[in-house]
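As structure tokens, the structure follows; a few thoughts come after it.
As written, the chains take the letters A, B, C and D, and residue 1 is the first residue of each chain.
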């Protein structure tokens, strides 16, 4: 299609130009041109850069360029002991930081075969699911923002703010939680927390009617979503797409069911799927997932026992045995896997974070081909990537 | 009898000067007010407060913002098409100012009164997108260019249903003089006679002013700021001013054609006139803060496949009914 | 129109005619407008921040602070260095010193660089005396990074002398009582215990008590027992080796009170084994600094930076004060 | 290996029968998170991937381990999984060191740790000898990986990441270039002898206005 020179960095490698960021020349027949979307663009989620080759408004080729938010979490992990990596985890994906934080704790617990007290397990489920709802609410808002609807964004942020306040009451942070500890959690929840959570669930259910009237049924919204950005089952396997994006392709794959972790096997919940595999299907799956998360929270609140929140003997400094462990959880965006290799010292030999957004974003070139500029944003929004999670 | 400015002020030059001053003053004050209104309405719809600090209900916030914009450095990007880039903010502003002068705000007063008033209004309004295209082309920015291309296509597409809808009204009123059309709406406004025409007109008008859900030329989530991406400071403010004045013009046309202009019980004419105009503007704000944006091709489809056929059918029916009745 | 909460799964809708779709679509738009109109008349939910302030949650986390224990009349930091070692951001710097006649170590310096802190709370978890807590500051603003280096000991400086005095008396009393209770049996036991638990963490500290107490209680002035105390501590820290051992008693013997070197020599002794190991590594001749243990280097750099920042801040403060004085005159 | 080990899955058995993988073992999922594990030569991976793809697997993760410090070879770790049921298959592929080890020698182990290590090494050597005796030697470390991007397109980015972070190249990759680090970077960040975090910190400090 184009010569090698059009690839970013190719000029630098060939020594022809000192400026790797220079706009690549348009192709010789003048039919297409390049558009750099991002890394600074109002609706790029984070600092993603999409190098688009356009014919008019139609996308001929798209190349996502990532790495602008690379913070070397994996390298940091190899330089700190297990405990000291804890605050990093919630910063990998700051929108569902709790899930990541707890997942890391659970992974290490599995390595060390630590028993987690029942109460702590229930608390973990509640806060993780609250976090999932908050992540989906944020997605809901930003997706609509990408489509040009500003008001739903603020409504959903209003609701999300409630969750953040509820979590703030127990974890002390609003976004980047460091709530989990190996063996339990830092703070116990009180009755007020549970009551607030219950009240919030009722409130959110009430709000859902408004959301549906304002957004779901809206004919403009539907026309922007239906049939746009199809990521079907084959593409999903091809790219290892997971999470709501995969479930929207009709595959009922959810790590909470496939490989139950924590105490998820004790809860009743459905795995919402849709068949369209398009933006609307993803929207549908996420909205339905919020409902399922609320169901789980209700069950957990009903069942939560009294007791300690940490094992009697708290871990201080420990050296896991030599070995490797893969631990997967269902984050708000898909399968989040932690691959820990231990060499027997108190510092991890290797921690690989398999983040869902990385795989989900990888399919963009395929999905975007032939769509329009406006759809780029819509599809990107519907996949719900978090760039820091892609770059780690 | 309808009086115009030239009736009141015999000196032509003085009259022109006065008219220009009045219109400029109105356009500016109106834009200040509308920006405030937009911010306030949007805020309250989103359950925020909006501006509250400067002045009562934060009304002078926009004034302060204008001062800020005025004091800002004017930044021109490299490699722009200088004449086009610098002219565009002025060109976008001129036609809307001209258009403002043509509406009778009361039974007895309009700034200018001509028997082709309606044609003039649409003619002036049609010039707006030329400026947008100048801005987009001159900016040497791909987002701006995309925005400009969209704007042109959109304006051409929506001008047709807009004029077709207005045409049906002129056929009933048998005049293109705006004052006559208003007068022809005796005891009931034409919206009752032409409900579909009114709707088509209003939708097209929203599209003409490039406002959400038809704001694809600026589409901030895709095109950063569309055609005015590279404009800052006062130049940007002029685009803003033009947009808000444009809203007033299309609402004034709608008021005059479909809502009976200054007519209404009890209250004086200007109150009715501006009341209706601002109500229509409020609805525009309301739409903007409710709906997501259409995609470009959907927008065109909507114009060519829905609005234009409907407008044509409406015109046909009107013509038939008129023929039969006469 | 569509107030039902149930979602229609995509594709489940029936295909409708052109006009029907148009009309239905129009009504969905109206239902959306109804929602925004309703909200137009509802009360805003915004918190107007600088004028209205939210109530901080009880668990709110901010930069760490020292707890002011009422019964002690001061903080209870014993400069055990656990927080320094666990901190993932290397943002805590602590120095401690042993005072004549007081059984436990005392922090002489406690700096926190809030600009680096990620409020993970690990330091609070490990603190053995529970003297660390979260502060409630949340609107700290500055144009300089140095402003975020907090000296946590500042509020305690004036009270320090009084506290030490009180502590001396209390410790003496306590020791006296203990001594009376189990004089003969304890001596033998303590000797055995001290040897046995040579490398245990907290046990070591406990073991420290009888040894350090006894002589001090007996004669607070004595020189010899002072030299003894560090010796007893030294073997506990496996790795600091002869250097530390040799230096420590010297420093202590030379200047029993706070001197520049004293706390430094103290550090490896009082610190835990692991800490000593971390500290000791860069000193080893073999590895290049770049490869050896990047973390310890990063930590050293970080700590140095905190100190420098504090110095700069102090200088600036002094300058400002001088200026103010000059202006006043 | 032997017949008394737990039943291998069909997919793995097929790979094993085709002599694509060795040391195919069933693992305890509850313990390490893997259902099955095997070792394969790098060159065999495209074929393995194609077979797994047929069986409905997707590429879950690809990463690399830099074990040069202890004198072992590097290794690519592939994990495949399925959407219909959890079945995590780990494929390890030895890779020859991409560069000479520049860091310090490993610290000598002491006490219990050394004992444990010796035991582990011994068991490892015994197992290797047993395999060799059964005609199943571990594959030699390859000079570079073989790209499976033509089978699983997700491998495209994963392989670029491994190349970026470890300097391991992949034969047949469509466009092997850096992905997370700057294009003009002259290092591979996750190699164990790249650890100059302190340098970055000090530069930052120099830039600070005093």
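Note that in this section a contact is a pair of C-beta atoms (placed from the backbone, for glycine too) under 8 Å apart; a residue touches a chain by one contact, two chains touch by 3 or more.
Every value quoted in this text rests on a predicted model; they were computed, and no experiment measured them.
**Q** By the touch criterion stated at the start, how many steps lie between subunit B and subunit D on the shortest route?
**A** Shortest path length, in steps: 2.
**Q** Looking at CA centres, what chain is most distant from subunit A?
**A** The most remote chain is B.
**Q** What is the distance, in whole Å, between the centres of subunit A and subunit C, each centre taken as the mean of its C-alpha atoms?
**A** The mean C-alpha positions of subunit A and subunit C differ by 33 Å.
**Q** Roughly how far is subunit B from subunit C, going centre to centre by Cα mean, in whole Å?
**A** 63
**Q** How many angstrom between the C-alpha centroids of subunit B and subunit A?
**A** The answer is 43 Å.
**Q** I'd like the Å distance between the centres of subunit C and subunit D, where a centre is the mean of that chain's Cα atoms.
**A** Chain centroid spacing, subunit C to subunit D, equals 39 Å.
**Q** Mind pulling the residue numbers of subunit C that touch at least two other chains?
**A** Where subunit C meets two or more other chains at a single residue, that happens at 29, 32, 35-36, 39, 45, 294-295, 298.
**Q** Which residues of subunit B are in contact with two or more other chains?
**A** 45-48, 289-291
**Q** Hey, what residues on subunit D touch two or more of the other chains?
**A** Those would be 195, 197.
**Q** Where on subunit C is subunit A touching in the complex?
**A** Counting only subunit C, the residues touching subunit A are 1-5, 7, 9-11, 21, 24-26, 28-29, 31-32, 34-36, 39, 45, 57-61, 86-89, 118-122, 125-126, 134, 201, 274, 294-295, 298.
**Q** Touching subunit C in the complex: which residues of subunit B?
**A** Interface residues on subunit B, with respect to subunit C: 41, 43-49, 52, 286-287, 289-291, 306.
**Q** Which residues of subunit A touch subunit C once you look at their complex with the stated criterion?
**A** 79-80, 83-88, 91, 151, 155, 158, 165, 168-173, 176, 178, 181, 186-187, 205, 208-210, 212-220, 226, 274-276, 278, 280-281, 284, 287-288, 314, 316-317, 346
**Q** Tell me, which parts of subunit D touch subunit A in their complex?
**A** Residue positions touching the partner: 29, 31-34, 53, 56, 58-61, 63, 65-66, 77, 79, 83-86, 88, 90, 113, 116-117, 120, 152-154, 156-157, 165, 175, 177-184, 189-190, 192, 195, 197.
**Q** Tell me, which parts of subunit C touch subunit B in their complex?
**A** Contacts found on subunit C: 22, 29, 32-33, 35-37, 39-46, 48.
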